[in-house]
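Below is a structure I'd like to ask you about.
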Amino acid sequence: MKAVSNNNLKIQSKNLNLWFSEKHVLKNVNIAIEKKRVTAIMGPSGCGKTTLIRAFNRMNEIITGCRTSGEVLIDGKDVYGLDTDVVDLRRRVGLVFQKPNPFPKSIYDNVAFGPRIHGITRRRQLDDFVQFSLQEAALWEEVKDRLNDSALSLSGGQQQRLCIARALAVAPEVVLMDEPCSALDPAATAKIEALMRKLTQNYTVIIVTHNMQQAARVSDFTAFMYLGELVEYGETKKIFENPENELTEKYITGKFG
Amino acid sequence: MISRRVREKIAFTFLRLSALLVLVVLVAILYYIVSNGIGVVNIGFLLRNPEEGMTRGGIFPAIVGTVYLVALTLLFALPLGVSTAIYLSEYARGKNDRVVMIIKMATRILAGIPSIVYGLLGLGLFVLFLNLRFSILSASLTLSFLTVPIIIAASEEALESVPMSYREAALALGATRWQTIRSAVLPYALPGIMTGSILGLSRAAGETAPIMITGVAYYLPRLPTSLFDQFMALPFHIFTLSTQSSNPQLTRPVQFGTVFVLMVLVLVMNLAAIIIRSRYSRLRA
Amino acid sequence: MRTDSIIEKFFLICALSSILVIALIFIFLFKEGIQTFIYVSPIQFFTGSIWQPVASEPKYGILPLVAGSILVTLGATVIAVPIGILCATYLAEVSNPAAREILKPMIEILAGVPSVVFGFIALTVLADFTHGVFNTTYRLNALNGAVILAVMIMPTVVSVSEDAISAVPKEYKEAALALGATRWEASRRVVLPAALSGIIVAAMLGIGRAIGETMAVLMATGNAPLLTFDLLNSVETMTATIAIEMGEVAFGSPHYHALFAIGLVLFAMTFIVNLIAELVSAKFRSLRY
């Protein structure tokens, strides 16, 4: 693991273990995510990558039987501590799901959902939030004239960008993306990959992907996971050109999927 | 400004209170019935005839009447209900033609028709038109019309939850449609069908309005011996004693006792149905 | 192969019986009911405000009966629907599995209690209670009927609403929580609105049941066919009128036909309510994917 200076770290996990009932899903994961970069987490199905990122915003706890040990530090503070406000954590660390899941409401109401919960009710303010978020998510031009249409009338790729806009509307610091392009066609995928890079201007981006080429294209840092363990982690260029671990090399060269 | 956390606490408290209210109401009802009725009910009460203007004695004929009524209703309603469900689930599946949709809608509408309207049908059709007179036959036929939609709904669900693979296996072995249904589907749907039938019958046991105008009587000196006889029944007994007699207070103990007996009957049937259903779903899971 | 097709025809005929029964209901109600209008003009029947069929000059105006049904049903709906929806939300969104294992069977048991038992309770305990609280002039009144009806339709409202709320895709709730919403905010702003059509169906089914209920209101409301909107007055519903008076009419008399005509009105009302519930339910099912 490459040493990075603490000031640049946004998220750091220390001896993170997670169980779903009896199943040990995350095994002693120690990872350090840098601020305002794209970090990709890759690995074969079932390696725990989705569970890892969901551990950052404590979304695993929605599933009954979830148990954790270890720490996850965000800006130096352990979010599994007793005085953590989980609701606020989830605002600060946003999550975009694998399958786009816009609410069955209008495009406007989807994006305005977050601000509304936080007490923003003035129409003008909401309008600003909505416009800003949709612009950040590179969707504004396509929907600005039909904000009142149902979100479900958008294409898959547009819906996913809407979900990104929705997550951005609550002013997060981190954006987690769980295989955001797996349900999308190549054109939509390209748009979202460009968006990932653009977002690093203001946000720390962590993506999960099973598509190695995507990880190589898009990310600054890459982590390789296998069977719940973090096998190797470092700058993307190094991981792909000169991996230290034999398992990593096997994965990259396609010896197993 | 109430904080979001506090809002959540208040909201959830209201939700819990509403559930508690429903629970309390039910427990209160059961307590009232059991505490007042249990003292009245003993073997004598169950096996003797009413005496001294119903203020003493028992409710034996009413119990017998209800039992006969339910048995006859089962006899008429079960075959018709299960057959309809078999058609809808086994033959009509996938067919979305008009007739099937209308049948399904008709079944749902029938489930929502008031019981007194069934009573009027029974009066017009069975008692008068077919000249079956005021009799246990007219009443049970009327009740079976009321019960059939319940049996259809439960049976259809039971049949549809039998996995397609069972049917496919039988058909692949060369069985005809009916053989497949009989051997590879019905046996597995049986618990669900039984659950639905029991629930339907428990409903029939408790109905008053339809039998009021098709043949139930307040007091008969003899038990019914033929299908064309009139009969006594527990729900009507409760009704008449508590509203029609000149001094309901005198017969109050008997009323409580009858209510208790009817409730026990209905509760036992409901419990049996629930138990069958949960054993069945545990088997399938 | 021939026997197989005969068997199929047999089951088809059984299935068609459902349609036959509805047709029979309509035919007999119509056949007996329409003859009312030999003795009474439709206007007098539908808009007359006096129901006095046993008088030297019988009057067959059903307005007081319709008003009685509506008053009691409205009261029951106002009580049962809000509480029922809250209870359903509790079951679907808040309760732990243990609580659900207790509450759901209890609600099923409540649903199985015969209507005459509810009527008995209304007659004895409930009437004393409302008298104590509201100091009623008439011991048996519309309020009694409304309250006992509310208890009766509660299980329907709760179980149908709970099904609708549980059927909302879990992804919506997850998305809301991931945005930093509290569980209540997720329920209130996302799940419940998505379940709205299903909840409306629940309310309509409850209303339909309330309109059609006979014994409980018969024993609870005092059976005075007076046109009134005061809950503390005695009223009489359409259902109760038919049940009580049919035992005392001569077959073929104007009174007899008038009761069938009321039955027809009742059938029409519940038919329409259930039809609307059907249509809303179909729309709800098609909206979900």
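We call the chains A, B and C, going by the order they appear; numbering starts again at 1 in every chain.
Basically, a residue touches a chain if its C-beta (ideal position, glycine included) is under 8 Å from a C-beta of that chain, and two chains touch if they have at least 3 such contacts.
Since the model is a prediction, treat every value here as computed from it, not as a measurement.
*Asks:* Suppose every chain is reduced to the average of its Cα atoms; which one is closest to the average of all protein Cα atoms?
*Replies:* Located nearest the centre of all protein C-alpha atoms is chain C.
*Asks:* Would you mind checking which pair of chains has the most C-beta pairs in contact?
*Replies:* Chains joined by the most C-beta contact pairs: B-C.
*Asks:* Average the CA atoms of each chain to get its centre, and name the chain whose centre is farthest from that of chain B.
*Replies:* Chain A.
*Asks:* Averaged over CA atoms, how far is the centre of chain B from the centre of chain C? Could you give it in whole Å?
*Replies:* The separation of the two C-alpha centroids amounts to 17 Å.
*Asks:* Taking each chain's centre as its mean C-alpha position, how far apart are chain A and chain C in Å?
*Replies:* Each chain reduced to its C-alpha mean, chain A and chain C end up 50 Å apart.
*Asks:* Cα centroid separation between chain A and chain B, in whole Å?
*Replies:* 55
*Asks:* Give me the residues of chain A that touch two or more other chains.
*Replies:* 87, 117
*Asks:* What residues in chain B touch two or more of the other chains?
*Replies:* Expected reply: 4-5.
*Asks:* So which bits of chain C are touching at least two other chains?
*Replies:* Chain C, residues with two or more chain partners: 182, 185.
*Asks:* Note which residues of chain C are touching chain B in the complex, please.
*Replies:* These residues of chain C touch chain B: 1, 3-4, 7-8, 10-12, 14-19, 21-22, 24-25, 28-29, 31-32, 83, 86-87, 89-91, 93-95, 99, 102-103, 105-110, 112-117, 119-121, 123-125, 151, 154, 158, 182-185, 188, 205, 208-209, 211-215, 218-219, 239, 242-243, 246-247, 251, 259-260, 263, 266-267, 270-271, 273-275, 277-278.
*Asks:* Spell out the residues on chain C that touch chain A in their complex, using ranges where they run on.
*Replies:* Its residues touching chain A are 169, 171-172, 174-182, 185, 189-190, 193-194, 287.
*Asks:* In the complex, go through chain A and note every residue touching chain C.
*Replies:* Those in contact with chain C are residues 57, 59, 62, 87-92, 94-95, 97, 99, 101-105, 113-114, 116-117, 163, 166-167, 170.
*Asks:* Please output the residues of chain B touching chain C within their complex, sorted ascending.
*Replies:* Residues of chain B touching chain C: 4-5, 7-8, 11-12, 14-16, 18-19, 21-23, 25-26, 29, 32-33, 79-80, 83-84, 86-88, 90-92, 99, 102-103, 105-110, 112-121, 123-125, 128-129, 145, 148-149, 152, 176-178, 199, 202-203, 205-209, 212-213, 235-236, 238-239, 242-243, 255, 259, 262-263, 266-267, 269-270, 274.
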